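These are the structures, in structure tokens.
In what comes next, subunit A is part of two complexes: it sits with subunit B in the first one and with subunit C in the second one.
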Partner chain A sequence: MPSRSAGLGRRSGVLAVGVVIALLVVFPVIRLGYVVWTEGSGHLDEVFSEPALAEAVANTLLLAVAVTVVAVPLGAAVALGLRRTDVPGRRWWRFSMLLPVLVPQFVLGYSWTQAYARAGFTDTVFGLPWPSVLGPWGVWAVLVVNTVPLTYLLTAVGLATRAEPDLERAARASGAGAVAVLRDVTLPLLRPSIAAASVLSFVLTLESFAIPQVMGTPAGFSTVTTTIYRDLSLGSDPLSFVEAITLALLLVAITVIVVVPTDLWLGPRLRVNRVADSAGAPVVNPRGAGGRWIAAGLGAYLLVGVVVPLVALVTTAVTPAVGVSPTPANWTLDNFSAVINSRTADALGRSALLALIAATLLTVLGGCLAVLERGRAGRAMASLVTITLVLPGSTLAVALLIAYGRWIGGTLTLILLAYLAKLWAFAHRPISGALDRLPPGELQAARASGAGSLTAVRTVALRPLAPALVAAWLVCFVTALHEVTMSSLLYGPGSETLAVVVLNSAELGRVGLTAALSVLLTLVMLVPALPAWLLIRWLRSPRRAGDAAPVGRLSHAG
Partner chain B sequence: MKAVTRAWLSRGRLALLLPLALLPLACDSSAGSGSDADSITLYTCVSDESVQPIIEQFEADSGAEVNLFRAPTGDLNARIAGDLRSGGLKADVVWACDPLTMQGYVDQDLVGGWTPDNATDIPKQFRTEDYVGVAVLYVVGIYRNGEPPPTSWSDLTGPDYNSVALPDPTVAASALGALGWFDQNPEYGLDFYATLQENGAEQVSTPDDVVTGVAQGVYQAGITIANSAYLAKDAGSPIGVVWPEPGAVAVYGPIALANDSADSTVAQDFITYVVSESGQQVLGEAGSYPTLPGVEGPEVPADAPVVYPDWPTITEDKDALLADYQKIFGG
Partner chain C sequence: MPADPSTGDVLEVRHLTVEYDGVTAVDDVSLRVARGEVLALLGPSGSGKSTLLHAVAGFLAPTSGEIWLQGRRVASAERAEPPERRDVAVVFQSYALWPHLNAVDTVAYPIRRRGSGRRTARAEALDILDRLRIAHLADRRPAELSGGEQQRVGLARALARHASLYLFDEPTAHLDTHVRGVFLDELVVRREASGAGGLYATHDAEEALGLADRVALLSSGRLVQLGTPQQVYAEPVDLWAARLTGPASVLTAKVVGAHDGGASVDLGGSVVEVDSTGETPVGDGLPLLVRPGWARLGGELRGRLLAVRFRGPHSDYVVDTAVGDLLIREPGPPRYATGADVTWTLSRTWALGAAAPTETKRSLTELPT
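Right, the complex of A and B next:
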């Protein structure tokens, strides 16, 4: 029974988060809508009657569905597969599954073209080109490779928090086969996580820009985001600007249609009250040679998806010019020395600082939202935050510029606001998934047993949440560090981020330079990711789990 | 690499003090407005490599400060659109990459109405009353080593070439300029593109992509910009560069004064400097083709023929022209 003061606390929490959402999301988007309303009225039918638009919308929707139906089952399969103890190098695979996310999207897209296109790596080395890598199939493949880690992560968190090993064991003991257990016990329990992963995958594909731009545009394959970019690029007349904003709001409308019903369905299902299981992901007893097959499958996925493209990228980076054969005799580090200078270093420091602050604030904001989500107002806010994720970076940046540029235009503060608005959902979704393992009874039990409120939160809530919090922080940090679109629109004197410098240099038109910068950018991602991953592992290690176990038992009593 | 590591460390330590770290952000916001009389803000799409040396030289000579926002044309348009709806254009000087974009700014009353006195030194085809061209992109032909070098544009439609790459005019303004010139020239017209397409030519995205494709041997020849072609060739790519008859298509990048900064002497001085002989020399050494006659830029063959598209006509016909073009080369 919540006390009156708890209700008051929740209400002021809703109010505080509501104000932040209003400032970061609602006001800027309303300003955009106002621009379309005042400047575009009378031209809107022109915008919507364009045949190219219908094609772009159809392409975008088809792509989002095609990526989701493949990436979600794949991610779930990987998460389930990695529960088996007989997978050789299981811990290593858990880390390397995240590699595709650590590679910035435009680098991934670009290196795929270097690897598989005509005259690419596989063509020169094995005579095996894949010409359709430029076009819808390539865009789809790279988006799947890029999305699987996220769907894997969400399903794995779901497995750790929702799967009931006792139920599975009971089913096995009662004679159910592995398939039946999966179908009747594990998957139904995972349904909310899988649904959340599907929404995220769908929405992320809708808003993806770099990959369709790098791999689709050259082949004449357009999506809504690339059309927006083209509208902004071609001609400086005000109408094409209004057209671009209109398309962005259309994307928001599509997202609303998808996200709101799912959130309504998901909301109650996220509020499962059950005993916390601090033991982490349940382990499935190995049978047969399955483990080795799983490892082989993961290896193939990483090889084709990340390793070969990155090798091709490095090869391009050390080759002095296009068309020169990439044999060791021709290798050079000139491209690297050309891009490492004091400007890159300054920008790197700035980016790291910005990403650090953004990730920290985002983890707090995401946590607040996840806690509030158990109420109706909180769920509405969570939907709003997810919708912001789909606003194309260029549009969100312009919205913030219009809303606040007067006062903080060209400063790091404005870029920070953009990161917070855009990435909030990234922080919120993983924490929200993990919060399930905290039935409200536990906190009350801790309080009843004499723990102070701070101690109760620290020992009961933070411990089991820690992996999710670190994961949310990490995703936000990495994404903020290689954010390109918004920072390149919002930067001013002395606030160039690393991605801006990279983009500016990449425009010099030298393939080798672009490749060298991409290699550096990817390395920069790995530096913070590794310690963070070790931290997550440490937090999940059995010793610490045992530490928390008494609390779990406490809740049985309460 | 050492510099990078050192910067990492020092920044990293700063970042540990999170609350303190927020302070510099707040300070930044007061410093960014650039109200200083001796500082101007430049918006440009010209490459970093070309624009940085000229800013450095101007700052050293004049003691003034130039704040730079550099982005591709699309981002530049978006930034300006955002500026306009939050208190007005923040730039004092705009340096665009093609006359079409600049004319758009003039039509919105953002820039123009003033050119420096020394603008008359620049050839007439590179300037209007509102802006003056300070750099040129030349649309040229390239061929893979071993293929016959085309001597005129019409050679590309001949039997020697069944795989030609050309840049997308909805992506690159230089390609749009070339499209405009071919369309305006009765000997070529859009039939030129139709024949190319029938012979197996392919449209790629940017002029750089053309160079990459030809250098890799995916295409025999291509239409691209001279800077990009010579950069690749000089670095060792197996390609040749030609300035086909009747001429390489010149697309100039104009500079203009913002209307709101009409009184700024620093802004005017900066434009005057970029147009001047010393400014043009710096630009030429940085790898751009200057517009001032007699100033050396990157490689130009002796007696290389050059043609000039009629920009006012292109500005007017743009939508219809692109629509007709896209009937030939898809969308």
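Right, the complex of A and C next:
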């Protein structure tokens, strides 16, 4: 019976996915809790009475709140500015707003220190240093810059799917001005999206490591993640180990306390069945309504947040030593030739290989999950995987280390497992979203024509899904390539990734070399990203051409 | 402010052109809506009727041309007033009800924006809901309303605006005739009370002809014909307009003589005297429009039934004649079976292309010879 075998296939698929989730996430986290319970007994009082721990927790919470409070309104404002007005060059702005997340977090933080700290770029060029860039203020600012693209994207998606332009037009036609419409219609409709953006911003700040590490630690500002790193990589006494695993557990506990209630509230409110109008357009033709001001604001944000720091980074990389004036006459590639050695090359090779394997496996895993999700058991699995999205990387790394460290500790395999566990949701979301956007009729027509669920997906859905699959692969590849939170906790001799090499170089205070490595790490991303991006464009083009053809013909006839 | 509110046009559109995304959606359209008048914009999807409506509402700015409301210029290529400062109300195609507001607050919204207090606004909103017979749904949000109920709330919100021009963006497209009748009646009462006008976009000819005082036919953003429902139905400017406004047959016949209000037509051997408005040209191979009621079964002409369709109150007969296929509509159930030899006669025709030869050239080439 074909139906029974299909059901069996689905059930074994769910089972297989379940086993992978159990091994990658559930068992390690349970094991972490168990070890904290056994190892910690007797030490926990000592650990908790340490003021450094309380300070780290307080810093982390304060930082998360401070970043969220600023990044969410900024992101929403950017979304409204780009989707509801006629800013000149909207397409270009939409792309460039994502620049801050294309730069590795570590590199972004490091380049800020090169740009704004004392003896940095603005100090030497304009005599304008910002000394507190090292410390909580700098960490906060860079985290905001890094988070805004995300809150912008979430709000923009909310605008596209929930705030149908006619709803706002109806308010305008009812006599409401632009401000009243924003207050009475747009913002209430966006409330779930904004809440989701707030939770994500809060959680991502909680688990951020690279930026606090590179900008906070030198100034004595510690967070939970940097404390875990310090305890595990520098501490040697059992107490610091207990502190690390306790903090790891505490971090996930805080996350759960924040995420679960909001998720329960948000879950039903974020579900939308309508096809997103991703283009977005001004609801009411806003003849010259401040479009240029919005463009100027966005430009200033990108200039201060990304462009100046990256220019400073490149300048540092081509300047022979600290104190040498960064004028073209002094430029040299010495730093680059110094860092391009066999150690860097090995690390680069390992990073590329890891990212390649991880991205490929993750695309397959994410695709499987997206397909299985359409069944009831699969849906539970998908929810579980989505939860891993907010499982802090530090916690995950510590948990995996405790669970499997004794066999594969310090190997690339353990790092790979960590990537798979952490990034599964990253691969799953775009694929699942693309599957949702398929007109249900297409799959149903395939089923009605005698195709099983997997056959229907393979024959009917794979072609329209291809851009999402490539995009998921690309997101996983880039994220894995830049990953430093887990890699820095899990690497051993001979398994450093390039990101870890850069981090270590920064800790050794080798400014020019670190800058050169950072430039390298950022540019490496382009090697797969450009072809993949072109591939996505190519995959989408026939469809677009097909849609446009009749219009073209009509206009020629007329 | 209008000088004399009792006379004059509510809306005047002068040479309006609207382009967006590189497409000319409305192309040099001029029209007026008088006080107390409903003008229907009839056209297929993509004909520009929604764009025209959006330009009048203030959602789109003109590329060129002007829009005048109540004798005041509200939009030109240089300056376009925002919708909230135009005296218009809009009923949206997709209802456009705010998911977070219940029915009474939705209807109270335009009243609140006029500056009324919450209590006054709600009372008035309830009154309007009551007139549309949905006062019992006042506390419900859109998700808890059926499509028809949502439609009525959308209409109630527009009525609450007390506008001098009501814009309808194909609002009744998916409603059954009973519900449509109920609130069109309500509208007529409303319109006469406030002396407002209506601009009603639709692709449904029956609705446009039955509801409007005048009908504007739109094709590819251009105004093809503007007239009373009777005019556009009986004297369509070309075959395209004829097909758009209702069922039509085209006979290719020889007109042997024409006089004021009538013509002598040779219909395959016998010459028949028919009514015909306008100036009917004399000649051979002329396309003559025949509406289903303009011919009847029984008479001196011969034909064979190609198809018979029972339509409830009437039956449609498609007759194969010497001058082309002809659709005849008669009351009652079918009297003949398909394939039967029947006789028929013609009482009226309209010579296609008689009214506006320049505009019909395009369509005439599509006619069978």
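The rule is short, and it goes like this: the second predicted complex is superposed on the first by the 332 of 558 C-alpha atoms of A that agree within 3 Å, B and C clash if a C-alpha of one lies under 4 Å from a C-alpha of the other, contacts with A are read in each partner's own complex, and residues count from 1 in each chain.
Convention: a contact is a pair of C-beta atoms (placed from the backbone, for glycine too) under 8 Å apart; a residue touches a chain by one contact, two chains touch by 3 or more.
Predicted model only: the values in this text are computed from it and were never measured.
Of the two partner chains placed around the shared chain by superposition, subunit C is the only one that A:R169 touches, whereas subunit B remains out of contact. By the touch criterion defined above, A:G375 lies against neither subunit B nor subunit C after alignment on the C-alpha atoms of chain A. Partner contacting the larger number of subunit A residues, of subunit B and subunit C: B. Of the two partner chains, neither subunit B nor subunit C is touched by A:G299.
When the shared chain is aligned, subunit C comes close enough to touch A:D184, but subunit B does not. Of all residues in subunit C, only 23, 54, 57-61, 79-80, 82-84, 88-90, 92-94, 96-100, 109-110, 113-114, 154, 157-158, 160-161, 167, 220 touch subunit A in the complex they form. Touching subunit B in their complex are the following residues of subunit A: 31, 35, 52, 55, 118-119, 217-218, 220, 222, 229-230, 232-238, 240-241, 244, 320-324, 340-342, 344-346, 348-350, 352-353, 356-357, 360, 394, 397-398, 401-413, 416, 488-489, 491-495, 504-505, 507-512.
Of all residues in subunit B, only 1, 3-4, 6-8, 10-12, 14-15, 18, 21-22, 25-26, 28-29, 31-32, 34, 41, 47-49, 67-75, 77-83, 85-87, 90, 100-101, 104-105, 107-108, 144, 168, 170-171, 203-209, 211-213, 215-218, 227-228, 231-232, 235-239, 318, 330-331 touch subunit A in the complex they form.
Residues of subunit A that touch subunit C in their complex: 164, 166-167, 169-178, 180, 184-185, 188-189, 283-285, 287, 555, 558.
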